[in-house]
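Lettered A, B, C and D in written order, each chain numbered from 1.
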Amino acid sequence: MIKVGIVGCSGYTAIEAIKLLLRHPNVQIVAATSRQADGSTICCMHPQLTGRINLVVEDLTPQQLGERCDVVFCCLPHAASAPIVSEILTHNCRVIDLSADYRLSTPKLYEKWYGNAHPDPGRLGQTPYGLPELFREELRDAQLVANPGCYPSSAILPLAPLIQEGLIETASIIVDSKSGASGAGRSPKVGNIYSEVNESFSAYAVGTHRHQPEIVDIVGRFTGTEPQVVFTPHLVPMDRGILSTIYARPTAGVTANQVRECLNTFYDREPFVRITAHLPLTKFVSGTNYCDISVRENGGWIILLSALDNLIKGASGAAVQCMNIMYGQEEKHGLHP
Amino acid sequence: MIKVGIVGCSGYTAIEAIKLLLRHPNVQIVAATSRQADGSTICCMHPQLTGRINLVVEDLTPQQLGERCDVVFCCLPHAASAPIVSEILTHNCRVIDLSADYRLSTPKLYEKWYGNAHPDPGRLGQTPYGLPELFREELRDAQLVANPGCYPSSAILPLAPLIQEGLIETASIIVDSKSGASGAGRSPKVGNIYSEVNESFSAYAVGTHRHQPEIVDIVGRFTGTEPQVVFTPHLVPMDRGILSTIYARPTAGVTANQVRECLNTFYDREPFVRITAHLPLTKFVSGTNYCDISVRENGGWIILLSALDNLIKGASGAAVQCMNIMYGQEEKHGLHP
Amino acid sequence: MIKVGIVGCSGYTAIEAIKLLLRHPNVQIVAATSRQADGSTICCMHPQLTGRINLVVEDLTPQQLGERCDVVFCCLPHAASAPIVSEILTHNCRVIDLSADYRLSTPKLYEKWYGNAHPDPGRLGQTPYGLPELFREELRDAQLVANPGCYPSSAILPLAPLIQEGLIETASIIVDSKSGASGAGRSPKVGNIYSEVNESFSAYAVGTHRHQPEIVDIVGRFTGTEPQVVFTPHLVPMDRGILSTIYARPTAGVTANQVRECLNTFYDREPFVRITAHLPLTKFVSGTNYCDISVRENGGWIILLSALDNLIKGASGAAVQCMNIMYGQEEKHGLHP
Amino acid sequence: MIKVGIVGCSGYTAIEAIKLLLRHPNVQIVAATSRQADGSTICCMHPQLTGRINLVVEDLTPQQLGERCDVVFCCLPHAASAPIVSEILTHNCRVIDLSADYRLSTPKLYEKWYGNAHPDPGRLGQTPYGLPELFREELRDAQLVANPGCYPSSAILPLAPLIQEGLIETASIIVDSKSGASGAGRSPKVGNIYSEVNESFSAYAVGTHRHQPEIVDIVGRFTGTEPQVVFTPHLVPMDRGILSTIYARPTAGVTANQVRECLNTFYDREPFVRITAHLPLTKFVSGTNYCDISVRENGGWIILLSALDNLIKGASGAAVQCMNIMYGQEEKHGLHP
């Protein structure tokens, strides 16, 4: 049994990770931590887990976590994560970090977008990015995995193979993304409350969202030059799901069929990427680890449409998939839809 | 022009009141106050009002309000309201209080349900309850009006005429009510955030909600004995609207037709109560000052169904209707759907 | 492997059954039928199943179904179901009927509520009702199971033990139920379209819904006299979930604690019924086979609140649970949340 | 009083038009027609109008309409509209056509996108397009107005002034639009039902939607060359509202500030276009005739964000605004938010 700890267990990614791990035949959840730990159980915190797991929420040190766990899912917010992750790693424990702290390649890029110096800069550029479809080999022996952002996953999966094969131009890529409200996390802000989000649709953080450099950074690894990506996130009045509508110029002579063929070939044996004939719906991937991708063209643009569940393939499902690779498990364990 | 001030202008009832008053031909909004006043305008606080009103949010004293306004809509939370209301009243200014502070008849009842001694006990029992259909005459010269609770309005309008006429027994009334999320106000609590409310339905405050004694208190004024009312509120994943399903035993020999006839007669000339043949939908009254009521029977019970918009007939619309009565205005002014 | 056929595979209960059965370790789905069969696959009909199952939708005769399947899940509408079910049964094939056709005890009751003579009257009263918690023994060797209605499940599970133990009076039970829109099925009627259902709440079929006699019939089996039940269904703007708020008078001297204790004891070893301290939310059981039940009291009434997913514990999950019992399978197979 | 008839009164644009016209001080609704006319009233068809209007739904000929009405709002679907509109026009009656039939400039373009020869080709290119902000003068004396499509309004209002002033390139414009479900109309199709739309987000008609040529056609009137516009519509799980995210390349040296300034100047005196600092939300324009527009830039692109209510500024509100211009009325009559 793989002994798993959940650090920061009060939010949505933590709940989702626990639910997936409870379905995993070879996993035991041995720790759940929170600053709000008050001696009560994880079921008191999340009553929907009643009868499914018996575990007290604790306020454990990195050392205690290291002693008790084989691997830790770190579900803390960015900036809070790195200091704890770097400590846990010194205690012979592997970490899958669901925050953004280890995703970017360089401390300079991190500082530019996150506003502060990175507390553990040496690991940037050394930490594999947890998209198994693109970085599976690097994940097998990783001590630390940077779990991908939800929006970036939806953009990188369709874009990376096409950029690698030179089928699209990298100078004018537009990623127009739409996400359900769980992407905003579980923090009580006025902007998150039901009557503000419901029956409304809007863009936010136009030109300033931190997932833009993440997409550029990761996609850039598949080409010689830095791609030019414009990313615009929007908030959809629904719980879960991301749909990204991606506009890219094909390189000279390339057709939509060639693009579709390239994706079909690239993802042919992947269990969790489906290149679909139908236009993707977030509903069709909700609650699953699938990323559905479809290809269209219009007015000289290739249009890529991708859909995933932001809490699963976009967060906790990807983390479980990474864990399965790290431990030589069947990649689908815990992730059957 | 009636000069109106809005006290506590950051929440949903305040926004709604402002929107209704902007449609009113004989009203001028002359003040909006908030503890968050920082010199900016009401449109900065509520960008949807852009281009419709020019008003700086201020932190005014009761005296300043009294000097500037003919009437104040007090949109503060209960307990916060009474101390300010009682002061405003000393400055020759009328008040419509949208909080619960002046609704109950006695200081004792208030203390039992609200947990503290009432700061202005002398006005309890003296303040008319702002349901024009039942208390119109008392409202005309009122200096202070206790604007009804949203749930109570939906229960009292169908129940009061039947109790007055002795058509239903008062010993076993069940009010099973369902409300949209705006009823919880605009405060950022985890329980209010989108991903908690959406795609969920639940009861809350079963047996402990303060609108139960309010219903009993007001309905009791129409009968000699204290009625026995069980009230259960539920949260519906929608913005607005309350539907109450009310179960009552007819008194001996009374039929559903007689009940319907009684309501038809009672509300015949009322502009905002519709006794409908169709089962009420909250959607059909959303954005309006209507309360729709329908009558059915089943297994020896009379079933009353009533629907209203919790922010309009259940709050700010009722307040505007009261104001119209207080100032001899056409009762529909500002309230055309 | 249990060979399962799905009859009438275009609707929501069929999709849900397929999804659950795909998780089952010892089941093979060997047939899916529809009148719309046109030679294409179940994935063409339901693209969300892409990559998960390979099966052509066919228009099979009962005999063909009997030859190919061990058991058939019949997902046809009521009235359409019985004629086909009765034929399938003659071909050495067991059937779980998700329609209402075999739920009531007598042809007379069926005719009264469904408006036509029952085409297979001999099986009424002989067919076990598929609530394992109440009728597990009868299910083991059943050739035909009448899968319960979604609303009745939410009412019968909390009521039956209390009635059996004489803790509540049977003369005045009110079941005020609220359901998500998937309960209305997948038929394209104006009343079902998004913009009619969304942002609205209403009661429907007040006093005329066919689940009322179903509740009375089943609950009546636990007492000597016919209980008096008033059932009022409501439509909630959400996909899934039923919450029932049930009002019952305790018999003399009985307390809410005794009621709670009775339910705790009765369901102590049941894997899919949870007696909870918290008030049930449909969200907490959504996507699961759980029925959550909680007890409160108010004004001399016992209030039972129960929540389940109408498509799982209220339909296809119950069917899988029944199948597991019929085939000596671990009862949780396919139903892990 | 302007005597208005509503042709095709069963759908959402008709209901909305009726609601707006009921608020208009100088309008009388004198006819409502439907093929479903059965002698009952408009309130039977739309119970939310109970108590607000008294009108029998009829099946009138164009001649009867012409005799009774000054102007007709034609709310029929495209293709059904033109034959009736062209007849009504012969009876001394003006028409505002809410269908797409008279929007495009040429019969050839119509035939290409709508698949059939236009039944009244002579009026194409002669009929003013009902966006008052751009074509007010042409509307004053118009006998027929082609009311704009909902998506095109949201795209044309921000784009036209910029194209006219040469601030953006016309060769690579992307309009990524998102609409609430009422845009799909009130027809009962499986794809429209609640449980299909709710909790889902998707693109549809990618590269094939008829609003693409409409945008190109109208925007092209403001420039010498045919602009290249890629239009992608998406379905949002909400009732109302369109948000369009528009990507355009600025012409050499043009900044976002210049773009903003241009729009500010152009719409300075318009009552229903607001150039906002905040990012537009559909919620802030819902139920109003406003179109909110904001400007951002990112990675060398100008990003225009526009929001409107698809049933009001995107349909019936625009129609009322046009009518006000045609009859010399105050342009805001009936349209106060």
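The working rule: a contact is a pair of C-beta atoms (placed from the backbone, for glycine too) under 8 Å apart; a residue touches a chain by one contact, two chains touch by 3 or more.
Which protein is which chain? UniProt says A, B, C, D = N-acetyl-gamma-glutamyl-phosphate reductase.
Just so we're clear, the structure is a prediction, and the values are computed from it rather than from any experiment.
Enquirer: Hop across touching chains from chain A and tell me the fewest hops that reach chain D.
Expert: Each step joins two touching chains, and the minimum needed here is 1.
Enquirer: Which chain's C-alpha centroid is most distant from that of chain C?
Expert: Computed centres place D farthest from chain C.
Enquirer: Taking each chain's centre as the mean of its CA atoms, how far is chain A from chain B in angstrom?
Expert: Roughly 45 Å separates the two chain centres.
Enquirer: Taking each chain's centre as its mean C-alpha position, how far apart are chain A and chain C in Å?
Expert: 37
Enquirer: Measure off the straight-line distance from the CA centroid of chain B to the CA centroid of chain C, and report it in whole Å.
Expert: 39
Enquirer: Could you list which residues of chain C touch at least two other chains?
Expert: 180, 196, 198-199, 237-239, 281, 283-284
Enquirer: Can you name the residues of chain C that touch chain B in the complex?
Expert: Answer in residue numbers: 172, 174, 176, 178, 180, 196, 198-204, 206-207, 212, 228-232, 234, 236-241, 243, 245, 247, 279-284, 286, 296-301, 303, 305, 307.
Enquirer: Under the stated contact criterion, what part of chain A meets chain B in this complex?
Expert: For chain A paired with chain B, touching residues are 12, 180-182, 184, 186-190, 192-199, 237-239.
Enquirer: Please output the residues of chain B touching chain D within their complex, sorted ascending.
Expert: 19, 22-23, 47-48, 50-52, 199, 274, 276, 278, 281, 283-285, 287, 290, 292, 336-337
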